[in-house]
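Take a look at these structures.
First subunit A sits with subunit B, and in the next complex the same chain sits with subunit C.
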Partner chain A sequence: MKKSTTNAAFYVPYGLWLALFVVAPVLLIIYQSFFDISGHFTLSNYATYFQSGTYILMTINSVVYAFIITAVTLLISYPTAYLLHYAKHKQLWLLLIILPTWINLLLKAYAFIGIFSQDGGVNGFLAMFGIAPKQFLFTDFSFILVASYIEIPFMILPIFNGIEELDQGYVNASRDLGAKGWQTFTRVILPLTMSGVKAGVQAVFIPSLSLFMLTRLIGGNRVITLGTAIEEHFLVTMNWGMGSTIGVVLIIAMFLIMFLTGERKRKGGRA
Partner chain B sequence: MKKWKWSNLYLIFVFILLYVPIFYLVGYSFSAGDSMSNFHGFTWQHYLDLFADTRMIQIVVDTLLLALLSSLIATIVGTMGALAIHRTSRPVIKNTVLSMNNILMVSPDVIIGASFLIFFTALKVPLGFLSVLLSHIAFSIPIVVLMVLPKLKEMRQSMLDAARDLGSTTTQVLTHIIMPFITPGILSGFFMAFTYSLDDFAVTFFVTGNGFQTLAVEIYARARQGISLEINALSGVMFIFALLLVIGYYFIQQGAQTRKAKHKGGETL
Partner chain C sequence: MKKLMSMIVAILAVVAGLALWSANLKKTQGATGGNTLNFANWGDYIDPALIKKFEKQTGYHVNQETFDSNEAMYTKIQQGGTSYDLTVPSEYMVEKMIKANMLIPLDKSRLTGLKNFGSLYMNRSFDPGNKYSLPYFWGTLGIIYNDQYVKRSEVEHWDDLWNKKWRGDIMLIDSARDILGFSLVSMGKSMNTTNPTTLQLAKTKLDALSPNVKAVVADEIKMYMAEGEAPLAVDWSGEAADMMWDNSHLHYVVPTEGSNLWFDNFVIPKTAKHLKAVYAFLNFMNDPKNAAQNADYVGYSTPNDAALRRLPKKVQNDKQFYPDQDVIRRSEVYKDLAPKTVGLYNDLFLEFKMFRK
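Up next is the complex of A and B:
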């Protein structure tokens, strides 16, 4: 094999990247989690994490929020992706879905500060019905809404791809064999597009655990996610050890989700 | 066909939902007031303020330069990586490398940011432009690999064999056969890397020092202080920019598709 030398040459920069920016940082964050704020090797970070109820509660809270955000986006996105598949000019529609993701996330969050403010758009709208100004900003509700808003395109795209791969023949066959619309959906379409749904859940759930800028700007520090806690420890209190410990928890959560939503390799598969 | 109208209504509803905040934002950039409430009449003032704000202009230029430079380097390294992975014949190594490639794709931003911060501090890399650039290159590489790999898989071995049989060297095969074939993938990868860099906030927020700001970090700092319609004007400019980028990306993809169609036609497939 003559090409093995050139192959090695291609691997050099890429391998360096793998070693320096993928492997080393993960190892470093695990290593760092065993040091306390004054630099002594200790297990106390993990002890604090598991013993003080606050961290456990915060983790559960964060997971619950991520779960709600994922559920909301899924509920909105699946029908959208499904209808998109049958729409005319779907490439154009798709482009319109992608466009908002190219607007910086911070700008979108900033827009909601205006929309939800005391004299903002939503309260202006409610005032027409005589409903007194309500507090939207800095509530759990607004955090979930804004996070869902931001994640919707990332859910639509994988589901859309999943539906595109679906062989229309199966749907027709199921109809021909007398299945009702709903039966076709639950027995044929949904199972066959599950991989897209899983990819979407993966793409939304994991970032939702760590949206610290939204909890700051929209949640008004009332909502604390794993991401907020890490940011707080790294950049505010400078307790990198504790921050890393929470980071390790987040990494474990990430692998757990990937394992649960992972594509199980089907042998053979369809031609 | 009866349901057609209802389904379109739902799609339109979702699109309104997606675009209301953006248009709200851009709309108020023309308001004469100083908050995002009660439209006060049309003005270009906030745009004039924006273009007179040299600090902001500097940050925009820095952000664009950073995105361009990081995506360029990421594209080069990523393409080499894809070529290397493609040529790896042992499935165990291939799969391991591929899953390692994907780690940064699925990692939450805070983890990337925090771990890079530890990494740069350990290596005593000064926090600033260099650390931000290295981070952006690092998190853009995997997407380039993922964009280039499918193109390499599409390429038929017989083409390479034919080139070698006709006496071309390894370098010639690479530059004359492989590179032209995978160019659409490389371009898509470059575009994705570019947008990743432009879009990033969290990682930059962690690894930037006091000296270097990107647009996202600056917006965050200003948004925490409250509303300034200059940011709205900025988002108006950025919306146009995003629109142009999307259209550009669309044409690249269209180009790739017509090429593919031609290719298929030629083979009478």
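Up next is the complex of A and C:
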């Protein structure tokens, strides 16, 4: 009896943290979203969101960009994580992948401005081949590239962990039983590392829905996501209700993604 | 178990301690002594040497805090917790703060040097009779061009921006009112238009500008223009001055149709506690010698005519930052619009940003 109360007590700090810094802010956002700009209780924010083509279009934009970013990072991360698993100095390589996440996002964005600008590194390189200065900044290409670059570590890590957990015995067994390399991959390795892929997709897709700093600095506001609208409503229009409404929609989207990519609860655990 | 309990108690104690500390900080943001001045200003918007000089001359201690948008400053003061004695909102925000009853009227009998101000900059619509505010700096909205790619004669009018020649060449400042504003002016409409149909038309006209727009950016626009990333930009005169400081190929034009005329102004919020220090500071800043030194440092246009006469002839005759009187007369000062209209401006601006031909 004593032991179980002790165990429960261990959750108190965690519970407090959750309640104060996760649940309370979310409730506040939901509460705010029911007030219009003059402080009256209303549902009109939600009506505006779903009726005005602007916000729907913005949502579609955000989802499309987030989808592309996730797909690009996944395509790069899976082979990387796979090779990393068989690499010699695993921990060193891993450190090198994690290292960029220690640098402030803003600094990295400014570095890319320098690289992509008219007289930046990339154009300097192209000039050697006589290809006149090309426009890189403020294009879809540069936005997706920089966003993917920033999100890649968050995709590699869970996939890497998934592959590490994979029992090499399964792979050997599948080879012994005559599966070709591709078959081993699609039938054995991929299904067994799927949980890592799902965790990675969650970690990348959701933040990508609202990258407002990059849309301005790298996308030059030629790329608009929901984050841009939230920023505008809080800082310029002072319409906190509408800003919160978009926030609520993002939170719901997040739960949807978690639900779609989450592990179905099945008795007997994984596999 | 005991250990755990003490840990939880410790966490709660830390939280309580932090709360107490922050409440204390808010109360005394800056020192509370009778000889301080809590001054909320835009970043790098006063010559630091002048603050030192003022402190030395008067014995007051200036406690400067910076903000980066009118709205942020407004929210901070409105929500309480600050004790600013003096701040510098733009004209439409002055109007909004007057309406919200957040300002203390100026006691003219305690002010000196009022006659130094040019009549064009006083008694404007946002604060008739300057009951609450004194102009600090002023400026316009205009076009910055790089003379390596653009001739002055090609950008004398707002409509010139729509020229097919400038495909992907123009950078715009990320400000709904200014961008919709110049579209309105180019149609011969007021920058304070509230009619939704007219605003919709202005937005449709902007959509046609979209292929020419390279990017819509905030402060970074200065860096981009100085580095020659784009040959054209629409921005405020103050920012233009900063860019031109870094790149001598850049020039600034106020289109002949007129433009926006903006003012940043000293006001005393209701939170002020050190009025004596405030008036000492205002009088110090009104002094032509100090105002001239400040204008020289900040590089914006001063409304203090006596100070202007002390600046080099080259500055005084610079039509870019001290345009002819009739250009000033043709320009409009922003009015504080109803929240609903502000919302409409911003929604239309968002739609313009999303528009792709």
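As a working rule, the second predicted complex is superposed on the first by the 248 of 271 C-alpha atoms of A that agree within 3 Å, B and C clash if a C-alpha of one lies under 4 Å from a C-alpha of the other, contacts with A are read in each partner's own complex, and residues count from 1 in each chain.
In the analysis below, contacts are C-beta pairs under 8 Å (C-beta built on N, C-alpha and C of every residue); 3 or more make two chains touch, one makes a residue touch a chain.
Please read all numbers here as calculations on a predicted model, not as lab measurements.
By the touch criterion defined above, A:106 lies against subunit B but remains apart from subunit C after alignment on the C-alpha atoms of chain A. When the two complexes are overlaid on their common chain A, residue A:237 makes contact with subunit C while staying clear of subunit B.
After overlaying the two complexes on the shared chain, residue contacts for A:13 are found with subunit B and with subunit C alike.
Ranking subunit B and subunit C by residues of subunit A touched puts B first. In the superposed model, A:98 lies in contact with subunit B only, and not with subunit C.
Judged by the touch definition given at the top, the superposed model places A:28 against subunit B, while subunit C stays out of reach.
When the two complexes are overlaid on their common chain A, residue A:196 makes contact with neither subunit B nor subunit C. Shared-chain residue A:58: touches subunit C; no touch with subunit B. By the touch criterion defined above, A:117 lies against subunit B and subunit C together after alignment on the C-alpha atoms of chain A.
Contact with subunit C, but none with subunit B, is seen for A:222 once the two complexes are overlaid on the shared chain. Judged by the document's definition of touching, subunit A residues 2, 6, 10, 13, 113, 117, 119, 216-217, 235 lie at the interface with subunit B and also at the interface with subunit C. Looking at the complex, you find that subunit C touches subunit A at residues 1, 4-5, 7-8, 11, 69, 71-72, 74-75, 168, 171, 174, 176, 213-218, 220, 223-224, 227-229, 339-340, 342-343, 346-347, 350-351, 353-354.
Across the complex, subunit A meets subunit C through its residues 2, 5-6, 9-10, 12-13, 16, 37-38, 52, 54, 57-58, 61, 113, 117-119, 135, 137-138, 216-217, 220-222, 224, 228-229, 232-233, 235-239, 242.
Interface residues of subunit A, counted against subunit B in their complex, comprise 2-3, 6-7, 10-11, 13-15, 17-18, 20-26, 28-29, 32, 76, 79-80, 83-84, 86-87, 91, 93, 95-115, 117, 119-121, 124, 149, 152-153, 202, 206-207, 209-210, 212-213, 216-217, 226-227, 230-231, 234-235, 240, 243-244, 247, 250-251, 254, 258.
Of all residues in subunit B, only 7-8, 10-11, 14-15, 17-22, 24-25, 28, 35-38, 76-78, 80-81, 83-84, 87-88, 97, 100-101, 103-104, 106-119, 122, 134, 137-138, 141, 145, 170, 174, 195, 198-199, 201-202, 205-206, 215-216, 219-220, 223-224, 227, 231, 234-235, 238-239, 242-243, 245-246, 250 touch subunit A in the complex they form.
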